[in-house]
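The following pair of complexes shares a single chain, chain A, combined with chain B in the former and chain C in the latter.
Right, the complex of A and B next:
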């Protein structure tokens, strides 16, 4: 029997609220399955399980807030491996002893709106058949009302729009367990503050920058996109991601974690993509194995990731697995980014805006589209010489976009 | 498809890309990217959404013609002609 624990989704996370179970006792689960929805400072996260087995029992009820490391469920499994996301890809740095399991803080668990589109997540168990008018169903989705909890007053006990409105009003009067958007934003701000303050306190950053001629990359991209249907079109940011990942493979000191006074290189290259949220705040979920995937697949994954980060739910492996992070602030017109490393990672690559500049090459002056690539490196894990080589490789790779 | 239906479709696709935006408050004549803080990834998701909803494949060179809600309606009406 294995304990399934509230995972740590980043060094700054202390607790999480179990919003919804997607499994029940007796269910078979396999590695990678989403088993629960958890509210954290980073928003709602789908928690994946990292072992195969059968659910023995669920120990925490929906709506409960528990510390990281608390036992959520027990799994009878074939593997005895710990059921912590991230453990497979790279051992996360243990920052403190696991928190002792506290009695869960009880609270009602209204469903979070906007993320529980039924089409996206088939219900874990059979829902009793009941009649719901299409208008009521849509209203329930809009208001984030759980139809199972609504009393129907229509013909034959059917649920009507008015019933849904009443349920939503009643819920508004009850104390919400899932934080209101303002609280959620404040919590995210605190999480960013904690991580960035720790970074600046502990990480001796060094900074390097170079200008990369984007003529070849953009010309290749324009030609590709002209012959591609809209659903397969590429953005130049995916070329940057791929170049960073391939360079990280060549300079492994950039790709991994610092903890307990040693650097541990990661086995895979999982690139965190800094994504700003329109309502404020920032997340940097990872795209896995960027060095192993073709551009088309990376593009699809990036579009999906950005959309989910901004509108829906991220998965636990995405928020905890990044081995290096890329931030691209060019769209805001920024020319240069001097980044803050996300601990326990050891490098952050920044890209600015593509700008046309006078560019001397082979003794002639021309005008070229140029992007500034910067590296914030952890001087405990690497030195400027290796950082310089890393940036030079990114530059070289971007000169041959057809090989990316 | 009428202009109103087109407008509804554009707004629906936008809402899927930027659900937290107050679409009712958008000025249909001014720049979408500025008003909604839409970046190139969102914009591509928007163009793909239009393709899925209407079957219109907008070439990259035409992106500037999708600058506002009004402009989208005019452009798409011409495309669907």
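Right, the complex of A and C next:
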């Protein structure tokens, strides 16, 4: 049996309101199914499940607000998969018998093999050092749990990593539930404020910029669109998206996450697309596997995403999976974007407006459509040299649009 | 594809026959391997099939015939030398450790010794202290040789050929209690790798790390633990030198707990080496002290009840694993 947890849909999310269940006890579910609708600061999100199985019971009723990590339902699985990739593993559901009281340090427990018996006798009068397993110490550091407050269930009352996880879950449960924000815009503003403040506080940004000649790309696009019915025409922003994804594959330091003092490269390239909302605020949901998909499909998915971000509902995987983000402010007449990275990602690519500029090439001066591409990079994960290479690859790819 | 019903003994014989047929440089040499058919009947019938040139009975002198094997290997042959039990291999220790393991290095890489030595190891058959010890861990101490411990029919059938392809000396330890073990083997069973450990039963609560004769006791212990709600992972090391440290640390990182089960004595042993590597490499993954189940530190007794008491048994493995997982057994 596996616990299905309230997922974390971004570093800034602390709780969510279960608006609607899409499953009932006894239903069969499969990986990728939308099982619930949850209200967060980012709006309504469709929550997907990450395992195959049968719904055992629903533990949270519609309308309830619960913290991230709370158990929403139990699933009898056909695989013992975690409820969500990246979420902390659920504490084991097995009831363990209460640990026996710490034996007096003077003598080993009668039936324990000699090798496991307490071997050190603390100096008379000194407090014996608390027994905490190495794994539990590491986990407590990761989760910020105070070991003094954790009840140990291991050998001789030792604290194990599972004990630390239980304590962390209990702390989240105990967090006072704030009243659901009356004003969702204000809540979204607070969420953006928290994420961006964290970004500027923690991420040592470096910034690089370059100008890209868009003549070839726009000419190819015009010719291509002439052959297409109006409904299937491509926008140049989809070329930019694709170029970023392919470049990210070549420079993996741009594509992934920073956490616990290490960079972890992501396995797929899921590009977050910054979308401003009409009522104010911003979301950056991901298009998955951009490096694997043809332009037609990307175009459809991008339009669908923008549509759903503005009017409808996003899915949990879209909200939480982005490995790198692209922001395109050209529509607003902006020439240059110096962006703020969305943690725990490590790079944000900005594009400005396509402008006709005097452009010197091969000793001659001409007028060319030019776009400014900028990179905000996390200096913990990469250096300017790699960032420069990344921008150069984007430039190179845009010179051969037929290959995108 | 079908399967055949066979035994550990027959699987080794099939491996020997296969090697003798495939490579004319291969021959078998040892005490009673010819006319008597081998002390454990492994080579029964091979003399009739391959003749006295290739199935050679030797005098009772381990040092001489292991030395002859080294010479033959230097001369371009692919000898398989059988030593009756690991206890007797001590008579050939000088040849194995001072010659076979060192000549490649001492000749500046000019001469390798493609020699395979098979021997029986382990207790459980009331053969007392001069025929029952498990000294494979000692050999695993020596750079320059490889130490294999087949525990399954597949490995009994498949390790010999791979060992013969190795340019350096390989020692194969056959646990005496396994020769009669029966089971099914695919028709086309053949060579297997000799570089990796293998998870024989997956589990999430504790890693039971073992090899050779204690694999089957450990699997039985894992089944008992499962009925008690403890999912034990059983890792069969298969090769003691070089140790597949990556498989050990990967398993322990998943389960956060480990018990090493080794029929050898605990002091200065391969089980101590395994524990040391766990502590060196995955200390911060551990949720409990690493534990061991080894043989009692006495010469192996003859009396049945004393021998049983001296050896790792299913009950001790279960109790130790429970202690490690729950803090009490």
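The rule we apply is simple: the second predicted complex is superposed on the first by the 306 of 404 C-alpha atoms of A that agree within 3 Å, B and C clash if a C-alpha of one lies under 4 Å from a C-alpha of the other, contacts with A are read in each partner's own complex, and residues count from 1 in each chain.
Here is the rule we go by: a contact is a pair of C-beta atoms (placed from the backbone, for glycine too) under 8 Å apart; a residue touches a chain by one contact, two chains touch by 3 or more.
The model shown is predicted, which means the values in this text are computed figures rather than measured ones.
**Q** Who contacts more of chain A, chain B or chain C?
**A** Partner with more touched residues of chain A: C.
**Q** Considering only touches as defined above, state whether A:136 meets chain B (first), chain C (second), both or neither.
**A** second
**Q** Please work out whether A:310 is in contact with chain B alone, chain C alone, both, or neither, and reply first, second, both or neither.
**A** first
**Q** Would you check which partner chain A:153 touches, where first means chain B only, second means chain C only, and both and neither mean what they say?
**A** After superposing on A, A:153 lies in contact with chain C but is clear of chain B.
**Q** Once the shared chain is lined up, is A:302 touching chain B (first), chain C (second), both, or neither of them?
**A** Once the two structures are laid over each other on A, A:302 reaches chain B alone.
**Q** Figure out whether A:30 sits in contact with chain B (first) or chain C (second), or with both, or with neither.
**A** neither
**Q** Check the residue A:161 against both partner chains and state whether it touches chain B (first), chain C (second), both, or neither.
**A** In the superposition, A:161 touches chain C alone.
**Q** Residues of chain A touching chain C in their complex?
**A** 80, 94, 96-97, 99-100, 109, 111-113, 115-116, 133-138, 153-158, 160-162
**Q** Which bits of chain B are touching chain A when the two form their complex?
**A** Of all residues in chain B, those touching chain A are 16-21, 36-37, 39-42, 44-45, 47-48, 51, 57-60.
**Q** Per the contact definition, I'd like the list of chain A residues that touch chain B in the complex.
**A** 114, 222, 225-226, 229-231, 233, 235, 237, 278-279, 302-303, 306-307, 310-311, 331
**Q** Which bits of chain C are touching chain A when the two form their complex?
**A** So the residues of chain C in touch with chain A come to 204, 229, 256, 283-289, 291-292, 319-320, 323-324, 326-329.
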